[in-house]
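Just dropping this structure here.
Chain lettering (A, B, C and D) follows the sequence in which the chains are written, and residue indices restart at 1 in each chain.
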Amino acid sequence: MPKKGILERLRDGVVIGDGGFVFQLEKRGYVKAGPWTPEATCENPEAVKQLHRDFLRAGSDVMQALTFYASDTKLDNRGNKAGQMFTGKAINEAACRLAKEVAAEGDALVAGGLSQTPTYLSGKGKKEVQADFQKQVKVFLDNNLDFLICEYFEHVEEIEWAIEVCKATGKPVAGTMCIGPEGDMHGISAGECAVRMAKAGADIVGVNCHFDPFTSLETVRLMKEGLEKAGLKAYLMAQPLAYHTPDAGKQGFIDLPEFPFALEPRICSRWDIQKYARQAYDLGVRYIGGCCGFEPYHIRAVSEELMKERGKVAAATEKHDLWGGGLVMHTKPWVRARAKREFWENIKPASGRPYCPSMSHPDDWGVTAGSKVLMQHSEATSEKEIKELESHAKSKGRK
Amino acid sequence: MPKKGILERLRDGVVIGDGGFVFQLEKRGYVKAGPWTPEATCENPEAVKQLHRDFLRAGSDVMQALTFYASDTKLDNRGNKAGQMFTGKAINEAACRLAKEVAAEGDALVAGGLSQTPTYLSGKGKKEVQADFQKQVKVFLDNNLDFLICEYFEHVEEIEWAIEVCKATGKPVAGTMCIGPEGDMHGISAGECAVRMAKAGADIVGVNCHFDPFTSLETVRLMKEGLEKAGLKAYLMAQPLAYHTPDAGKQGFIDLPEFPFALEPRICSRWDIQKYARQAYDLGVRYIGGCCGFEPYHIRAVSEELMKERGKVAAATEKHDLWGGGLVMHTKPWVRARAKREFWENIKPASGRPYCPSMSHPDDWGVTAGSKVLMQHSEATSEKEIKELESHAKSKGRK
Amino acid sequence: MPKKGILERLRDGVVIGDGGFVFQLEKRGYVKAGPWTPEATCENPEAVKQLHRDFLRAGSDVMQALTFYASDTKLDNRGNKAGQMFTGKAINEAACRLAKEVAAEGDALVAGGLSQTPTYLSGKGKKEVQADFQKQVKVFLDNNLDFLICEYFEHVEEIEWAIEVCKATGKPVAGTMCIGPEGDMHGISAGECAVRMAKAGADIVGVNCHFDPFTSLETVRLMKEGLEKAGLKAYLMAQPLAYHTPDAGKQGFIDLPEFPFALEPRICSRWDIQKYARQAYDLGVRYIGGCCGFEPYHIRAVSEELMKERGKVAAATEKHDLWGGGLVMHTKPWVRARAKREFWENIKPASGRPYCPSMSHPDDWGVTAGSKVLMQHSEATSEKEIKELESHAKSKGRK
Amino acid sequence: MPKKGILERLRDGVVIGDGGFVFQLEKRGYVKAGPWTPEATCENPEAVKQLHRDFLRAGSDVMQALTFYASDTKLDNRGNKAGQMFTGKAINEAACRLAKEVAAEGDALVAGGLSQTPTYLSGKGKKEVQADFQKQVKVFLDNNLDFLICEYFEHVEEIEWAIEVCKATGKPVAGTMCIGPEGDMHGISAGECAVRMAKAGADIVGVNCHFDPFTSLETVRLMKEGLEKAGLKAYLMAQPLAYHTPDAGKQGFIDLPEFPFALEPRICSRWDIQKYARQAYDLGVRYIGGCCGFEPYHIRAVSEELMKERGKVAAATEKHDLWGGGLVMHTKPWVRARAKREFWENIKPASGRPYCPSMSHPDDWGVTAGSKVLMQHSEATSEKEIKELESHAKSKGRK
């Protein structure tokens, strides 16, 4: 019996996405921060597969193949040697295979993903950028994946080009931008971005990455309003960070000084995520998942919050019990006393860091595609470039 | 060629332990908080094995079999049903096998571990408590593990009994208590605890769990002074939390309201852990690892800080580069500007939580073995017991 | 030689206002929080006079008579007994006299002030409200004060009525509302409020109270834009709180749970105020003072920051030296090392309160003039009313 | 009828001291931080007198003449020009007169005070140091003050010398050191300090300044234990800071980077001070006052907390009402809802400073009397000395 498709699932209920692969695999030791090395699918397939399985158990309905930044141009950017070891094709092939194998262990769909390219950032045109996309999409089609996701785009123009390429395949297409309530990097409003994605052919539109769950839902709300105003219909999708970012500027968490190696104190608790899941659902979002920072237990929290709406329980919930219920088995009586919703729902967790502030100043460079300082190249960053960055940082940057 | 033993390794250099299995497997969805279900070794062996492998890659020299709380009496405590599904023997057997398989993929040793028992907490005597230990130790011997660890004991008397049992096997023995600078739950000083562990036969003594890295090192320092004063020799060991706990009382993080489901803002960064590794080494600690909260990337941080002393590099460092060096490949120039030691060494990370405090009041019930409220039983906690806890909490507890 | 008038001073340079009388006199023990008892001018004239003198020394160019909430209707509101002891006339007379006496010790002007009335809040009409104002204005005229200030109004309609009354006297008139960037309590934008005040006859317009210096300047910026768009001209004025209120909602600090008895951790340092003075000046504000929380040393900070622009030095600066210069005389060497601008300009002062958050949730009742719960009356608040408040607070208020 | 003496008052009940003059007068504009210019008594007598009166109204039973740092040697230290304008005698005379005048307005006693000298800090001997003290004491005797206070000493040896000089007058003598639980600057324990002060002749012993109320009470507790162990009797006294200093090291708040110009976020609320007054009383402290940071409303809080024990009400309480009771007259209903003890007793006030930490690192230079860097001289601090300080600060100081 064929699996029910993504659009049917969205029509009939709520779909849970997966969490953040590159951040989690970085912590597990298989991916490098910065280039976010997608070659992990070839180098350590069992680690990638295990993470897919963790998410499946946690309640994910979609296994997204790990194809983030897996374009040939990215594998060869700024001194990246990955392109000399693996072709983009090999990496994407492996990603598809691993996702499909785990999806088959449950009732999950498999999606292939495109994301923004150094090609666009360096000011190249539509043809060259779409050529990048087509290479990846070909692999997704060869593997007959269930649907396609264009995600992590900062410029609506580039995601339109991506959606076009995907739409041509006949598969359902989702488009999510990594923008906040202020809109895209060229100042186009969130509402307008949603409209343009839908018009380009996206069946599902929304946001992913860059902002915390609550800021992201604010962006989705603006997108929803934009679509309604334009008389367009599309399913809504949210895959935010699992980091608190009330202090992030327009470029999101990338601009915060803690990115990417000191974000720990910002990690959302499972209770934060349950709140997010409820608010997302109430807003009408029907594809609810996560991006960087989302670990399997965060996805489980989404699934537990929406247990009733979904009419099913994730396998990993067997190892949780709702609202800390498992603590009734703890040996210490005062810990058993925490086994209740009222306790966890209202906790204001301390950081244990009395010498640290609660907010940071973002870098706020405010540059975008076309800016000279954003030009990408295949040579490693030179000493001279680093020096220029430092003096630029002093003039523009954090105080 | 036989592997070099633990005592020889400690004599010749520094040994890196592994991180916290139960907390990490809880987040991955395979272990339940509260009973900390060790039956994961039977239920999801591939998940346990993958975590061993993550730690091996990160630089761990020891694979510790997942036998925490895997005594028959614990499997049957307070409504725990695990004892009806699996025997302690089966769980311990599986744990040994998984650890051995991964250890063989590198040059790691395998250790079996004992921890405190509900039997002792309920006021039973030496004979009964040692009977619990002997069952587990038998499995460790049958599997010919390399050495034994008695860990997570709050009462020095109980760990003496455990060390005795282990010592009788002829294997090297490590003893670590989950105590802070204030000493054990009966008011015995840290220095005296170290002396008693060494006299009972421990070759290696120290602390694990319950406190943050820096508090834990303070405890080890007191232990070191105690040993020196008593003219005793033992290798020093530290396997602390990867959570900041400056506000914890005598019972450690268990007493903090955030335990165990809202500890996120307290998680140590990799840079915190590098400081810990350096300070531990300088203090003379030669077995350096972690407990709850320690993820693979934290162990990698220990290994990177001590790279020179160890003369080797962990496999996972290939996916890191020291001090954020991989960021030179990032597309955003201001992120590339963070690719340096000076930046990460001095960062004071914000929590992104302006409505939360930086410290919490611990529960401070201050009860210990023999107290009625600590008596364990195999029945599930009743409604009436919960009610009593709440009124007790109100009178003793957090304001 | 007659003193130069307020409008001439504003035309030629920058005028420094005074600070917050009622909060400071409350701390000194002469005014009661809640009714903010203006009868202090009759009861403890020497205390009021001393505070005028403190501000004069600190650099204030204006002595504002302490006539805040000194209308007969306010003296008799909600169980206030002041109206039975003193007439509004007597209180206003004393206030004028004290301000004039101290002004004569320097080159300061004297201003009389009107503020919002319980009459308006209870839904009464223009005639009744203006009758309240006329009583106070008569005293100001009898004392020949130099100019009039309408301040602390939440509704633009009411301040228009006040400005009208003042304008009729022929004296220069200033109008400042206690609103933030969101505008007045009926949703009228800050820009529109400025336009309406100017059209009603105000020579000087701006904001006072309710928000911190930086939020207040944002409001003034919006007012400035409104005036420019409407082609109107008026001098700009700012007299904000000396409390940090980044978390305040539309009603400002009144809504914060710390109001009015636990605001200490929010008090601005002198360095915060120097930043405010500079930003205010750069924005074009020419009447720069403070409201609640502003103590004499805060006004001195304004005067020191603008020393060059003003071409004069406040008397109290003799007891300060710029940027902590006096510390070169401290006995401790490390304190002497702090005697420099770079140190104080960049300090991020700790709260010493690790169990407290950095932000609060405002009450956000969101009621305004005309709402039943805002009706004022002369009887004391009853037990029943208090009970209703509590249940209302639970449903609407802080979580 | 003669006033009841200090010892009789302490025997029969509790005595309330006054607050901090130099910090409060600095904010009012009459005293310079650093040299803490006691010549204010000659330059602005009415301002000094008003502050005495504020404290009298707030409930102070003692008017302490403003003679802090008013020794001839201090007036001439490090470029201080005060010694060229006023003799120490004139300053002390004026201080006595002002305190006596206000004391006569109520039932307050008048005390003269000695504090530590640059002479001792520079390594001079007993004879020279006592000569400094005798000059001031002569004025106190000429003015027939009621008793003498030796306060703000960091070295027990120096305060012994001061107590000796005072004791010889036949007046009751109090001795308070500005030390914390770690003891004096030469490592003498708090208990031993108390014993030595009592043996030198102090009728009253305790602490003042440098630490927050709660840390200071911990020190007094240690002093109490020391006295009991030695079989000595003395009344206990506490006059702590009104700043939270959980992070201060051995030298107290002087070492914190916020000292003295950015301490605002650390200021205690009136509710903090009520807790302090209760705890002090319960510990057996019978002379309860404050030092730097204590404003009139803080002293009123002491008096309100101990109203029942004292059987009297401070004049300023008329302008307060207990536990925020005056708020029932506020126009906003949600503010009226705060008019209760439960609300204020439990508030955790936010700082409104999300970019600031809650704790600071103290400078921790750890130098003391005899150290070259502490030598005092009458010349102003030179450029060269400042440079040396900076390099020293870098090597020793804050990271």
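Here, a residue touches a chain if its C-beta (ideal position, glycine included) is under 8 Å from a C-beta of that chain, and two chains touch if they have at least 3 such contacts.
In this text the structure is predicted, and so the values were computed from the model without any measurement.
Engineer: What's the minimum number of touch steps needed to get from subunit B to subunit D?
Structural biologist: 1
Engineer: Could you find the chain whose CA centre sits the greatest distance from that of subunit D?
Structural biologist: A
Engineer: In whole angstrom, how far does the Cα centroid of subunit A sit from the Cα centroid of subunit C?
Structural biologist: 48
Engineer: Could you put a whole-Å number on the gap between the CA centroids of subunit A and subunit B?
Structural biologist: Measuring from centre to centre gives 32 Å for this pair.
Engineer: How many Å are there between the centre of subunit A and the centre of subunit D, using C-alpha atoms for each centre?
Structural biologist: Going by mean C-alpha positions, subunit A sits 57 Å from subunit D.
Engineer: Considering subunit B alone, which of its residues make contact with at least two other chains?
Structural biologist: 247, 348, 354-360
Engineer: Can you list the residues on subunit B that touch subunit D in the complex?
Structural biologist: Contacts found on subunit B: 348, 354, 357-359.
Engineer: Flag every residue of subunit A that touches subunit D in the complex, lowest number first.
Structural biologist: It is residues 247, 354-361 of subunit A that touch subunit D.
Engineer: Hey, which residues of subunit B end up touching subunit A in the complex?
Structural biologist: Contacts found on subunit B: 26-35, 37, 46-47, 50, 53-54, 57-58, 77-80, 118, 121, 212, 243-247, 251, 254-271, 295-297, 300, 315-316, 318-321, 324, 326-339, 344, 347-360, 363, 365, 367, 373-374, 376, 380-381, 385-386, 389-390, 392-393, 397.
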